[in-house]
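Structures follow.
Two complexes are shown next, each including chain A; its partner changes from chain B in the first to chain C in the second.
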Partner chain A sequence: MQAGYLPRSSFIHRLNPLTKIVWLCVAGAVSFLVPRPSLLVVMLVIVAALAALARIGRPWLVFMRAALLPALAISVINILMSPYHGERMLFASYSGENRLLFHQAWGPLQLTVTAFGLQKGLLLGLRWLGLVAPAGVFIYATRPEDFAAALSRLRIPHSVAFAAGAALRLIPVLIEDIVTVIAAQRARGLQWDRRLISRARVLPVVIVPLIGCSIRRATDMAAAMETRAYGATAHRTSCYAPQFRVADACAVGVSLAVLLAGIVSRMGT
Partner chain B sequence: MLKGTTVAHRFVPAASPKLTSALRIERLSFRYARRREWALRDVSLEIGPGECVLISGPSGGGKTTLLRCLNGLVPHLYQGQYEGKACIFGAEVSMLSVAAIARRVGTVFQNPDGQMLTSTVESEVAFGVENLGIPADEGRARCQAALEFVGITHLRHRAVGTLSGGEKQRLAIAGTVVMRPSILLLDEPLSNIDPGGVAEFLTHLSGLRQAGFTIVIVEQRVRQVLGVADRIIWLEDHAIVGDERASSSPARGASAPSREAAANGESRSRSGPPRLTPTDSAVEFERVSFRYPYGPDVLKKISLALEAGSWVSVIGRNGCGKTTLAKLTSGLLRPTVGRVTVGGLDTSSHAARALCAVVGYVFQNPLHALHAATVKEEVAFYPKNLHWGKNEIERSVDAALAAVRLCGQGDESPFVLSGGEQQRVAIASVISGHPRVLILDEPTLGMAEPDLEALRLFIATLTAQGRLVITITHDLELVRCSDRVVVLSEGGVCAEGPPTPILSNALVAEVFGA
Partner chain C sequence: MTRSVHFSARDVALITIFSALVTVLVALTAPAVTVATAGIVPIPVWASFIWPMGGVFIRALVGRPFTNAFSGVVEGIVGSFILPIGIFGLVALPAQGLIFDAVFGSRRAKPTRLLPAVVAGALAGAFFVFIIVYVFFQIRNPFPLAASLLGGVAGAVSGALGCLLARHIARLGIMPDSPIGREAV
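Let's look at the complex of A and B:
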């Protein structure tokens, strides 16, 4: 899985990172406001279309595949754990009649699947995907340093913004390190099988080199930052800060309109 | 130098005529915090404006520390016991802030990846001028000039991660000269670039000289930089032992290897493990293709047969599939199509466990493997995983440590050793398992000429025992000594054979961009 910025020449890449932050927040809110699974599917299709527009369709799909497992877990747990009468759901209501679809009891252990439980599980699983999907587009289509610049525009101190940007940038590096460390230790006979217990036992053999590499990387970065005058002045400038263009205004407008529509439509219920 | 000379005058501020030295060090000694040994002892040095000085010497001799004293990282970032003084244009380093030093001294570090702080070329170049608070318009003009200066204007929108080693290095130089320092420090600039890039780099270096920079280069490969430097300073055992004009021959550089080599040859022949029967440890690739899930083919229909008792070098540009080839050989990856057999075992049908007893793999960065509390435990890790007996492990650990000349450091933590020593621990921690096939990924990174000679002899001992040694390398000096060379290009084998004809092959020259 790709875990970082993918430079492409696309309309979405060129948008101001602030615009994308607004869009991300709106998409997150909307995935909670939408009351029906079918609408969430529509929303996911729109996000997928945006990913395709940003020319990051394939890596986005791989990213979403990784998000599928937690979504399934959320769904299954909610389907199985829902009480018969159906609980109140946050920002959503049940449709139709509640029916018992499946019931099995093994002594004290009861397994019940109801129509309401099914709806709730489906909705919550899709909500998770609805939260994660825009984040995937955001991460792949936003340069970490633009993100940092946008944060400092919001009066967040540059050091904090830079750290946030660096964290985004270093995720793929860290993942690569983990893969390499495991390979290096397996090449020296480490048993790295699928059983969690045996993995936990050999964890130090993987964690220690990882810490070693990270400390080294942090020191190297600190040295590089120092020798390039990081913190020389309180008034750091930004040479290639993205501009706020008409397209950004439009995108923010559309995002806010969608949010407003979502809120208004929920007011009645 | 491309357009370099035309824009060069924009970078270097006119030196003040009153000052005779750009850098001056007076009786400087430094010891890192929590270390017993001094990293530098009583070093005095003066470098004039516009001079190009080469600092060389064996690894662990104090070269990197000396550079850190010049750019202020010692004592500002790396703390410890500091005596004497270092001055830049008459101002004392320990009194200046690192940011103030950064305006006058630019540093290009050894590891091009470690010094990249942003994700695209453009923003990377701009990082320094933004820190200096230079207005955006002027900053962009300076970035443009710096990109032109190093000849990478065409890469400006690329992601840093997709650049080659040589391109990253040029980017690092651009990110430094953009701040218009008058002194440039380069730490082992040759160690991370393709052989074809070396000549190009040297042209750039003379361009930087002509532009008026005072240049200090730390480099182990003296011969290659000799033509450009005015002066060579030899650092050994944490002190300056030689300071010569470049016109005289590098007597120390040339004499050191033979001495060390002789010593190593002796010690190794005594401690080496027994000879193997050379018939069964060959590596065979039969029409092997490999791709990562959802990716394009990294290797395309490769067929290779590597004999036991030989030394094979695998070369090719960054990203051509060298490391994938190594991982397929070691069984860490399995071929998508085709068959890989190692010592008669098919890697697709045998567990990693069976294969790791046959193939040893030393990764490029020793930090990816080091984990134990002591060097001895680290070296014992592999044979322990192979369930050897206690006495057998002990003997093998001692022999492996002797082979890499680290007998004295057995009880130390691998994390307090120098970079070169860590590399040797990593090698020892693999040969201790007596693998019949040994893969070394870039073993000569940051290695001085004497160590290089020792490595050659070491590999010769292993092949004489009937083992197959595969080196993945950029180092043409190492390639020349191997028995056979495999050249990879775009996922295929584009040439294969003994080193001399292969390296003179026009096709190979093209692949390397030479």
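Let's look at the complex of A and C:
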């Protein structure tokens, strides 16, 4: 799975990173506000269309395929273990009656599936996909440096903005480090099979070299920062100032309209 | 260097890399563990088994006040893209970091001591699970309390592991000029 910025020439890529942050926050808020699974499906289709518009459709689909497994887990766990039979949940509305669909008891352990529990499980799974899907588009269409610059513009302390931007840029590198350490230890005879317990048993053999590798990377990064006079002045300047254009204003307007529609749909239920 | 810059370049680099590493580990392992254990270990409980380990370890490496709050903000921002809790991580993870900072705020409560590490891990783990179950999943019966208890136990074990890991790294002599390295010398 690709885990970083993908350079493309698209409308989405050219948008100001602040606009994309606003869009991301609105998408996150709307996925919480929307009370029905069907509306979340519509939202996911819109995000998929945006991914296609940004020419990152294929990697985004791979990203979403990885997200499907936990979404399924969230749905199934919530369907089977819905307290109050799924009735009590904020920001959700249910249709129909709360019929009992399945009930099985093994002593104190009871599994109950109700119509509301089923809807709740579906809503939570889709809600998670609704949170992750725009994040995928954002990661693939925004350079981490632009993201850090946008955070700085939001008056977030520079050290935090820098750390967040650098951390996002480091994700693919760290995943590569994990894969490299596991491969190196397997070459030394480590039994890294598919069983979870045996993996947990050999985890220290992977974790300690990984930490050593990360500390070395941090030391190199700190040296690079110091050679560029990191922290020498309180007021930092930047060579790059993202422009806020008409397209950005339109995108922010559409995002706020969607947020308003989400609030209205929430109030209507 | 001006007074407004609290963390040195090396502190920022360490916080950045280890925050990203812990977030990636949670994102990669939590869904797999939940599915493999058929939901017996829910995602928040497994996450509260990983976060405190990272929290104690980062604190041991950097050793400055508000290290964990800073790390929590970075984890929250990164986690909002790759974790199941999305932008909710921006609230839960910095708050969890503040718990570590509160526990390790006392001069005697060092992250390389087992008891403070266990207490910090337990509190952070219990808080994380409670806030996720109660606010994110919006479950309002005794389940959040039971789940937080489980999260507290996972966090305590994780805190202890983080402490042992920090001691082990100090003994290896990888970072002799860090707080744990100086302590080992």
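Going forward, the second predicted complex is superposed on the first by the 260 of 269 C-alpha atoms of A that agree within 3 Å, B and C clash if a C-alpha of one lies under 4 Å from a C-alpha of the other, contacts with A are read in each partner's own complex, and residues count from 1 in each chain.
As a convention for this text, a contact is a pair of C-beta atoms (placed from the backbone, for glycine too) under 8 Å apart; a residue touches a chain by one contact, two chains touch by 3 or more.
What you see is a predicted model; the values in this text were computed from it and never measured.
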First, second, both or neither for A:G189, with chain B first and chain C second: first
Partner chain in contact with A:V181 - chain B first, chain C second, else both or neither: first
Partner chain in contact with A:G4 - chain B first, chain C second, else both or neither: first
First, second, both or neither for A:A166, with chain B first and chain C second: both
Which superposed partner A:M225 touches (first chain B, second chain C, both, neither): both
Which of chain B and chain C A:I46 touches, first, second, both or neither: neither
Which of chain B and chain C A:S238 touches, first, second, both or neither: first
Touching partner for A:G212 - first (chain B), second (chain C), both, neither: both
Which superposed partner A:R143 touches (first chain B, second chain C, both, neither): first
Touching both chain C and chain B, counted on chain A across the two superposed complexes: 166, 208, 212, 217, 219, 221-222, 225-226, 230-233
Touching residues (chain side chain B, partner chain A) in the complex: 71-73, 76-77, 97-103, 105-107, 109, 111, 114-120, 122-123, 126-136, 139-140, 143, 157-159, 161, 175-176, 179, 294, 327, 330, 332, 352-353, 356-357, 359-361, 363, 365, 367-371, 381-382, 384-386, 415, 429-430, 433
Residue ranges of chain A in contact with chain B within the complex: 4-7, 58, 62, 143-145, 165-166, 169, 172, 177, 180-181, 183-191, 204-206, 208-209, 212-213, 216-217, 219-233, 235-241
Residues on chain A engaged by chain C in the complex (per definition of touch): 24-25, 28, 31, 69-70, 73-74, 76-78, 80-81, 83-84, 88-91, 124, 128, 131-132, 135, 138-139, 151, 159-160, 162-164, 166-168, 170-171, 174-175, 178, 196, 207-208, 210-212, 214-215, 217-219, 221-222, 225-226, 230-234
In the complex, chain C residues that touch chain A: 1-2, 4-10, 12-21, 23-24, 28, 30-37, 39, 42-43, 57, 61, 70, 73-74, 77-78, 80-82, 84-87, 137-141, 143, 165, 168-169, 172, 174-175
